[in-house]
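Listed next: structures, encoded as C-alpha cells.
Two complexes come next, and they have one chain in common, subunit A, joined by subunit B in the first and subunit C in the second.
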Partner chain A sequence: MRVSFRNLLSQASRKFLTKSLTLTVSIGLSVFSNISIAGERLTLTGSSTVAPLALEMAKRYEKNHPDVRINVQTGGSSRGINDARVGLSDIGMVSRGLKDSEKDLTPHVIALDGIGIIVHSSNTVTQLTRDQIVDIYTGNIKNWRQVGGDDVEITVVNKAEGRSTLELFLHFFKLKNSQIKPQVVIGDNQQGIKTVSGNPGAIGYVSIGTAEFEHNRGTAIKLLPMDGEQASVVGVASGDYPLSRPLNLVTKGELNGVTADFIKFVQSDAVSDLIENQFFVAP
Partner chain B sequence: MSDRIFSFSIYCISLIVVAAFVWIISDVVLKGYSLVSWDFIVSEPEDAGRGGGIAPILVSTLWVLLIALVIALPLGIATAIWLAEFSRSNTGAVHIGTALDVLAGVPSIVYGLFGNAFFCIYLGLGYSILSGGLTLACMILPVFIRTCESGIRAVNSDWRLGGIALGMRRSVVVWKILLPAAKPAIIAGLVLSIGRATAETAALIFTSGYVDRMPESMFDSARVLAVHIYDLTMNVTGGDQAAYGSALILIVLIIVLNALAQSLLDSWFRRSEYS
Partner chain C sequence: MLSKASYTQLGSKLDVVVSVVLSVLSFLCAALLCLILWFLISESWTLIASGQWQRFFLDEGWYPLEGLYAMTPMIVASLALTLGAVLIALPIGLACAIYLEFYARGLPKKAFRSLLNLLAGIPSVVFGLWGLTELVPLIAAIKAPGTSVLAGAIVLSLMILPTVALTSAAALSGVNRNTLAGAHALGFTQKTMIIAVAIPSARSGIISGVLLSTARAIGETMVVLMVAGNVVQMPDSLFAPVRALTSNIALEMAYALGDHRASLYASGLLLTLIVWLLAYLASYLNEKSRVFARV
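The block that comes next holds the complex of A and B.
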C-alpha cells in the first residue's frame, strides 16, 4: 500500500506538493505569529457618507495611540444602527438623527451635512417651491416647462432604500417612498452627481458639500435654493438652510475605555480640518 | 458579392469590439498616467484616498488573491479530475456539475453576503483578509473547475488507453498524460479566475472590508484595489483622479499576474512531463 502511494506521487508532483505545503504552513505561521501584536481594537460600521471622514479621524487617533487599531467598515446607516445594537461593532455610523425606535442607542454628533437639490447646469429653472419639488417627485409634473423651464422631460433621480439622504428627504417633504416615481435610483453621492451632470433633464438630491465642490470644479450641475435660502456649506453651518442632517456616531450602553476616548477625540477641535476636507461642517 | 458583405461586416464587428477595448484602456491610461509614480505605489493613502498612494491596498490585494488561489487551485484541479476521470458520470457527478454551472452564474454580491454571514460572523473570522480570500476562493472555484474539467475531458481517449495499455497506473496517467495535455485549459481557467478575483468589489467590501491600513496579519481587515476604486469614484468627493491612477495599477497588476501564472504553470508542467 505504501509503495503504491509513493508511485502515485511521482517526483515532480511531490515537489509541487511540498512547495504548496510549505507555502500553506508559512502563511499559517505568519497568521498565528501576528495575533499578539494587536492591542485594543475598535470597529465602526455604517453610513458610506460618514465612512471616509471616520477613517481619517481614526487614522489621526491611531497616530496618537499606536497600540489602538480602529477598523472602519461601510454598508449604510441602517447597518450602522443594527451592528451597534447587536454588538457586531463598537460604534455605528449614521448620517441622520436617530428615530424614536432607535432611542436605545446614544448619538454623538461629529459633523453636519446639508442636502441640496441639484439639476443640470443647462437647466433654466432657478428655484422650485416645496410643493413643486413634491409634484416632480410624485410624477404630477413631468416636464420642466410646467415649472417655467425649457420643454425638457424631467428625469427624477431618487436614492436607494436604506440611505439616510432618502429618509431625510422623505421626512422633510412629508412623502412616502412608495409615492415617489423615480426614473433612476442611485446609491452614493458621487453617483447622484454623475447621473445628473450627464442628463440635462435630471433632478436629484445630494450632500451640499459634495455638490458645491463638484460645481466649483466645473461639473455640469447647479444647486437650487430651498425656501429662498442659498444651498451652501455656509448656510448649513449657520443653521439658515433648512434641509440638513447631523452625522452621528452611535453607541449602545455606557461609554468606556477606548470607545469613550475616541468619541471625545472626534468631537474635539483636533479634527475640524478633517471635517472641512470631507466637505462637511463642524458642529 | 454576399461573401464580401459577410467578411466586411465581420471586420466591422471586430473593429467595434477592439475599439471599445482600446477606448476604455486609453481613457484609464490618459487620465491615470500623470498620477502613477513609484511614490504612488509605495506610500500610504491620505485624505480619504485623494492624496498619497496605494501601498497597503496593493499588498492587501495580493494577500487576498494569494489565499484565494492557494485554496481554489488544488481543490479545483482535484475536483475537475474526479468529475472528468473518476466519477463515471454517475447521478451525483451530474448534479455537482449542474450545481457548479448555477454557482458560476451567481452574482458576486451573493458570494459577498454568504462570505459575510459564514466566514465573518459564523466562523468568527471577522472582516479580514482570510474571510475575503476564502470568499473569493468560493467564487472562482465553479468557473475554474468547469474549465479544467472540459480540458481534461477533451484529451483524446487513445492517450488514456495507450497509457493503461502500457501498464501505467490510473494516477500516473492523470499526472503524466492528462494534466499536461489539459494545460491550455487549466491556464485559461487560472487566467479567468485571477481576472475575476482581482477585479472583485462586491464580494470583498463585506468580507475583507474597507480599512486602508497596511495589514499586519491575516485577521486584519484590508481594502483591495477594486473596493478602493469603487469608494473613490462613488463615495469620495474629488476622488476621481486617484481612482484613475488606481485603475491603471489594477490593469497592469492583472496583466503581470497572468503572465506570472502562465510561466509558473508552464515550468511546472515541463518538469512533470520529462522527469
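The block that comes next holds the complex of A and C.
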C-alpha cells in the first residue's frame, strides 16, 4: 500500500515538475506490462532521444493491438545495443548509425534527426566553415566582422544539458559542453527561434524541421548551409546534409511475430505525424 | 417540534462534526507539505548520503553530463533576480498604494484598482513572452545579449507589483482613522501625515506583502527561463545572463537520468529551504514590527 502510494505521488510530482508526460507514461506502461499476464509483451531499451518517439509509436500500436503491451526504457544508445545483443530487450533504440563492430545487429531507421545553424535574417554572413563555428562557440571569434559580416558582437545561443540537439551538435563538432562559452542557454526549439529572431548578433542551432517551418513563415531567421549543403528537411531525408543522424531500432537475428509487426508499423505512414510532432524527419 | 435544548444539542453536534472535518482537512494540507519534502529528500538521497552534496558548492561549474554539479552561481542568481525585482517593485507598488488610498477618488480609483487586479491575473508565460520579444531586444541594443539579470528583474518586478500595491493599500486602509485624524488635527500636511504616520503604522502589513512577493519571485520559473539567459555563472553585472535554480529544474528535468536527476531534486530541496527561510523571516519581522508599532 505504502509503495503504491509512493509511486502515485512520485508520478504526480514528476508530471508537475517536468511538464512532460513521457516519463509518467513510461512508468505507467512498465507498471501495466509487469502486471499483465495474458498477451504479448515487447521491451524496448536504449537512447533517450529515440525513447519519446518510440513511446508515442508504441501507444498508437497498443491502441490497435489491445493484447500487446510495450515497455519502453531509457539508458542510452550503448544500453540499447547491449540489451538487444544479449536478449534483455526485444528491440534496442540507438540514436546513431551502427559501427562496424555492431554489424551483428540489424538497424531499422524510424526517423532522421537534423539540426540547422540559424542566425538573424539581417546577418550578412551567408556561410560558415566548421572551424569558424567551433571558434564562435568556444569564444575565440567574438564579432561577426571576423567572419566577413558586419561589426556586430556575436551572441552564442546553446542548448541545455540533456537535449538531443546539444548531443548531436557536440558530437558533430567534436566539442565538450564545458568548452562552449554561451551567452544564452535555451530549452526548446521555439525559445531558440525567439531568441535568435530578436537579436541581430545571435547564432543558434535548432531542429531542422522547426527552423525551416519558422523561416518559411517569415520569422526573422536564416538557415546557414553546412559544408556547402543547403539546410533543409529534404537535405536530411536524402542524406546530403551532414549535420544529421539516423534514429534506429536495432534487432538481433530473424524478425518474427510481434517484433516484426511492430517494426513494420513504425516504418509505415501510420506514424509520420508522430515523427513530425517531435521535430524529426521521416526517412 | 424541537425544544430549545435540542437545538443547542444539534448545534454542538454540528460543531463537533465541522471541527473534525476541518482538522482532517488542515492536517492533510500540512501532511502534503511533509510528503513533498520527503519526496524531494528521497529522490536526491543518493547524492546527499554519499557526501557528494558538498560538490554543489565546491565544483567548478554545472556540467552534469561531465559530472560537475556547482549550484552556488544559481543560488546567487536566484537571489539577485529576486532582490532586483523587489527593489524595483517596492517603491512603485508603495506609490500605487498611496495614490489608491489617499489621492484617488471615485471612478479613477475603481478603474485603477481593477487594473491592478487584472495585472495580478496575467499568466506568467505572457509576461515571459513579452519580455523575450520586446524587452530583451531593447536591452540587447544597449548591451548584447539582452537576456540578463536586468531583464529578469524587470519582468519579475512587473509580476509582483500588483501584490505589493494591493497588500500595501490594504495595510494603509487598515490604519486607525483616529490616528490619521489626530495627525490632521496637529496641523500635519497630507504629505507629512502619509510619510510620518500612515506608512510607519502600516509597516507590518507592507513588509508581509513584500515578503509574500519575494517568495513568489524566487519561485517563478517560466519568466526567468525565457528572459534571464540561463547561462550558469556568477553575475558580474546587470547585463550578465544567469540561470536561476527554478529554470535549471525546468530546463533539464525532462532529459535527466541518474545523478543528474538526483542533483535537480536536490536543487528543488534547496529552493524549498530558501523559501521556508524567507517565510520564517517574514513572520519574525512581522512580529517585531507589530511590537514596534504598539510602542
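Assume the second predicted complex is superposed on the first by the 147 of 283 C-alpha atoms of A that agree within 3 Å, B and C clash if a C-alpha of one lies under 4 Å from a C-alpha of the other, contacts with A are read in each partner's own complex, and residues count from 1 in each chain.
As a working rule, a residue touches a chain if its C-beta (ideal position, glycine included) is under 8 Å from a C-beta of that chain, and two chains touch if they have at least 3 such contacts.
Predicted model only: the values in this text are computed from it and were never measured.
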Subunit B versus subunit C as contact partner of A:N277, first or second or both or neither: first
Subunit B versus subunit C as contact partner of A:E153, first or second or both or neither: second
Partner contacting more residues of subunit A (subunit B vs subunit C): B
Partner chain(s) touched by A:N256 [first = subunit B, second = subunit C, both, neither]: neither
Contacts of A:T195 with subunit B and subunit C, given as first, second, both or neither: second
First (subunit B), second (subunit C), both or neither touched by A:E161: second
Touching partner for A:P182 - first (subunit B), second (subunit C), both, neither: second
Partner chain in contact with A:N216 - subunit B first, subunit C second, else both or neither: neither
Subunit B versus subunit C as contact partner of A:L55, first or second or both or neither: first
Shared subunit A surface residues [contacts with subunit B and with subunit C]: 10, 13, 20, 23, 48, 74-75, 187, 191
Complex contacts: residues of subunit C adjacent to subunit A: 35-36, 39, 43, 61, 63-66, 68, 129, 132-133, 136-137, 140, 144-147, 225-226, 229-232, 241, 243, 249-257, 260, 268
Footprint of subunit A on subunit B - complex, ascending: 47-49, 66-67, 70, 74, 121, 127, 130, 169, 171-172, 175-176, 205-206, 209-213, 216-221, 231, 233-239, 268, 271-272, 275
Touching residues on subunit A, where the partner in the complex is subunit C: 9-10, 13, 17-20, 22-23, 48, 74-75, 153, 155, 160-164, 176-178, 182-187, 191, 194-195, 198-199, 201-202
Residue ranges of subunit A touching subunit B (in the complex, touch as defined): 4, 7-8, 10-13, 15-16, 20, 23-24, 27, 30-31, 34-35, 37-38, 43, 48-49, 51-53, 55-56, 59, 62, 69, 71-75, 88, 187-191, 207, 209-210, 213-214, 217, 277-279
